[in-house]
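Here it is, the structure, as structure tokens.
The first chain written gets the first letter, and so on, giving A, B and C; residue counts start at 1 in each chain.
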Amino acid sequence: MRKYGDSQVPLKSDGLFLFFANIIGREKTGMNIIEVRDLSFEYPITDDEGNVIGGNKVLENITLDIPKGQFVAVLGHNGSGKSTLAKHFNGMLLGNSGKVFVNGTDTADDDKIYDIRQTVGMVFQNPDNQLVATIVEEDVAFAPENLGLPPAQIRERVDEALNAVDMYKYRLHSAHQLSGGQKQRIAIAGVIAMRPECIVLDEPTAMLDPKGRKSVLKTIKRLNSDFGITVVLITHYMDEAAQAERVIVMDSGRIIMDDVPKKIFSQVERLTEVGLDVPQVTQLAYELKKEGIDMSLEVLTEEDMLKEIQRLLPKRWHTDI
Amino acid sequence: MLKDITIGQFFPGNSVIHRMDSRFKIVLDILYVVILFVADNFISLALAGIFILMAYGVSEIKPIMMLKSLKPLLPIILFTAILNLFFVTGEGEPLVNWWIFTIYSEGITTAVFMIVRIMCLIIGMSLLTYTTSPIVLTDAIERLLSPLKKIKLPVHELAMMMTIALRFIPTLIEETDKIMSAQKARGADLDTGGLMKRAKALVPILIPLFVSAFKRANELAMAMECRCYRGGEGRTKLRQLKARPMDFMIALLMLTLLGFVIVDNMVF
Amino acid sequence: MNAVETRNLTYKYSMGTPFETTAVDNVNLMVEQGEFVGVIGHTGSGKSTLIQHLNGLLKQTSGEVLINGRNIWSKDVNIKDIRFESGLVFQYSEYQLFEETVYKDIAFGPKNMGLDKDETDRRVRDSARQMGLSEELLERSPFDLSGGQKRRVALAGVIAMQPKILILDEPAAGLDPAGRDKVLEEIAGYHRNSGTTILLVSHSMEDIVKYADKVLVMNRGQLFCYEETDKVFSMSKELQMIGLDIPQITKLSHLLRENGIDIGNDVYTVERAKERLLKILKR
């Protein structure tokens, strides 16, 4: 599953590049959990005989730092490259050029790959396709078992992980009897059992109903706030991205915006252009502003909007009187 | 229809049967099958039947689950019984002789024996899967087969495949139901026509099922890799398999039963 | 005559066992020809079970289902004909694709209807166009398309049967905003052009508000209400009580009222909120 780009071999022996890359990578070690340097990735296009005749560029010159403890959302439409980027964060994919560092370790370093995957855990879209074992606690035990931990420690980690996602009382249930949201929380627990510093979630709520989406999002937020786990949430739901500390917007393999949610969503036109939504209240603020109301576009929640309207109203009411 | 299948279901519990070493459970279950087929008189079979019913009682599994496990196989049981009823010939006078049907008393005996045997067999097998979590079951199989590693048999891989298969059986059954409904909604005719027509009608169901199964396999492989899976080397287990005095006692009980059945056969 | 009618429709799972559950409980429903109906209700409310009765995939435990005035389970009705009359598109419908080409896949339904080659061809091309699929896509393998395109091929496959009633179970689930809008717009366009009765199941209140004339709300197997969209969303407090979401903009209107700024209790679109707020702000 680990894929190497065409230029991988020359790159690996390119000591000078590695030297600089390591310097850049170590510069801020201790602060950033993930550092992406000038990363490009393309899927090879082959002709009928299997010869490579070109490349389908998916990522282009991505440079990015994710500090420890941050809750980052990566927003983009399907095919914008956001999932491909996510798979570089734990070495599932390796770029054709550029580097990714996890805690200062190059993800191309084969000897460290299991350390990297333990540090950066990954959760995918379809909960059904991530659960290996039938019984909940046995599935959660899968990763610690792979790590070769003694049984007592596995038990401890399984219980701790199930508690963290609030599914402890379901530990002996069959996975297929649970709801989609519950299954996804088990998948998250399965990753938590590795005690990762960072979790990357690739559209974890896309297949869930509203109730399931809420429970999964609540779980993610709690992992970030209570356990200090860095969260990278890949999504195309703007209401989820709005709850993050930082939003990265991707389009055609590039990062086109990177800011706090309020600043991102206030750019209504730009987001619509790249096929994304804004929250309804933000849309409302935008429409009102177009009508000449002196309105801030940095509103995301109903409360934000209430404050804005209250700010605008007294002035007018006073002048009316 | 598809949802009636109880294979791979597991009911967690804390009974003696649940706590048994699953390696013993498997071996003893096989031994029980041997007993069933060695037993050929009423006393032996009755003992074997009482034995499995007692085990069932001890396991605290709801009796209705026993019936559920029997239900899908009822046609096979009846079919075997009827075959035996009509085709076993005895030495004495036939009991019934009407048209082409002739029934001897031996036929009735064999048919009843057969019903009891198959029912006990199914109950015994389902008791094993009901009280043993799939992963522990495959784990036990892995251990039991581990001597075969010496002849380069990929024992761990086989066990992992079984674990995953058991995990995905309910998912794929559900999926098959869904695809069947979707194609029926497009007017697919699955229930009528000759053999060729029916075989052809399966194509719109099998292809989507395979496509989806491959997609699932791909995603599962990726998820497993992300969770640091790297084969059986150096892997540990949440649950340790440990043989306890109780296991040996039950094994002894079973061997006694086998001994009795053999002696019983020779005497009568 | 009603396009869809149910009389005391009841459906029970696992009859006669301790697991018996009533999934649909005594539902009486009348949908008129040509309406666009939104169907909402949280997971397990019985909405999926209900819609599977409307083309005879499930048979009720008691009660009746009438499609265009005909009792679908009466002896003189062939249930296969009902399935062509009342087309059902399942959730994640791209999983039903199986043919080598998009064209062949769309033709599957018409072929099962026994239509001749010319009529099938006309319908395949028609429905592909309706769903925004270009001619050149027809010869491609359906498995090579994007998620949104696959979804539209599956939809075209049902539309090609030209059902008088089209039932869609979350046609936009899992798609990104652009893909979602595209699919829903094509459906709305098809509704306008063909006058087909449409039942759209969705979890997205925003989508329901945007497209549906009437809304059917299911709760615990029962019909909670079936009213004009306006009326249903004016009962947003009741909707929230049975575990449904309401549009963010409606929540805003409630919050504003609690703080002494009344923009009415029928605000569920951004346009309406804008009108009402402009009146207050521009005073």
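The rule we apply is simple: a contact is a pair of C-beta atoms (placed from the backbone, for glycine too) under 8 Å apart; a residue touches a chain by one contact, two chains touch by 3 or more.
Source: prediction; values computed, not measured.
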item	value
Chain whose Cα centroid lies at the greatest distance from that of chain A	B
Interface with more contacting C-beta pairs, comparing A-C to B-C	A-C
Distance from the mean Cα position of chain C to that of chain B, given in whole angstrom	42
Whole-Å gap separating chain A and chain C, where each centre is the average of the chain's CA atoms	32
Junction residues of chain C - those touching two or more other chains	none
Interfacial residue positions of chain B with respect to chain A in the complex	8-10, 12, 133-135, 163-164, 166-167, 170-171, 174, 215-216, 219-230, 234-240
Residues of chain C that touch chain A when the two form their complex	42-43, 146-148, 173-179, 203, 206, 243, 245, 247-249, 251-252, 255-256, 259, 261, 270-271, 273-274, 277-278, 280-283
Residue numbers on chain B that touch chain C, as the complex places them	64, 175, 178-179, 181-189, 203-204, 207-208, 211-212
Touching residues on chain A, where the partner in the complex is chain B	1-2, 90, 92, 114, 117-118, 121-122, 124, 126, 128-135, 137-138, 141-151, 154-155, 158, 172, 174-176, 187, 190-191, 194
Chain C contact footprint on chain A (complex, rising order)	77-79, 179, 206-207, 209-212, 236, 238-239, 275-277, 279-281, 283-284, 287-288, 291, 293, 302-303, 305-306, 309-310, 312-313, 316, 320
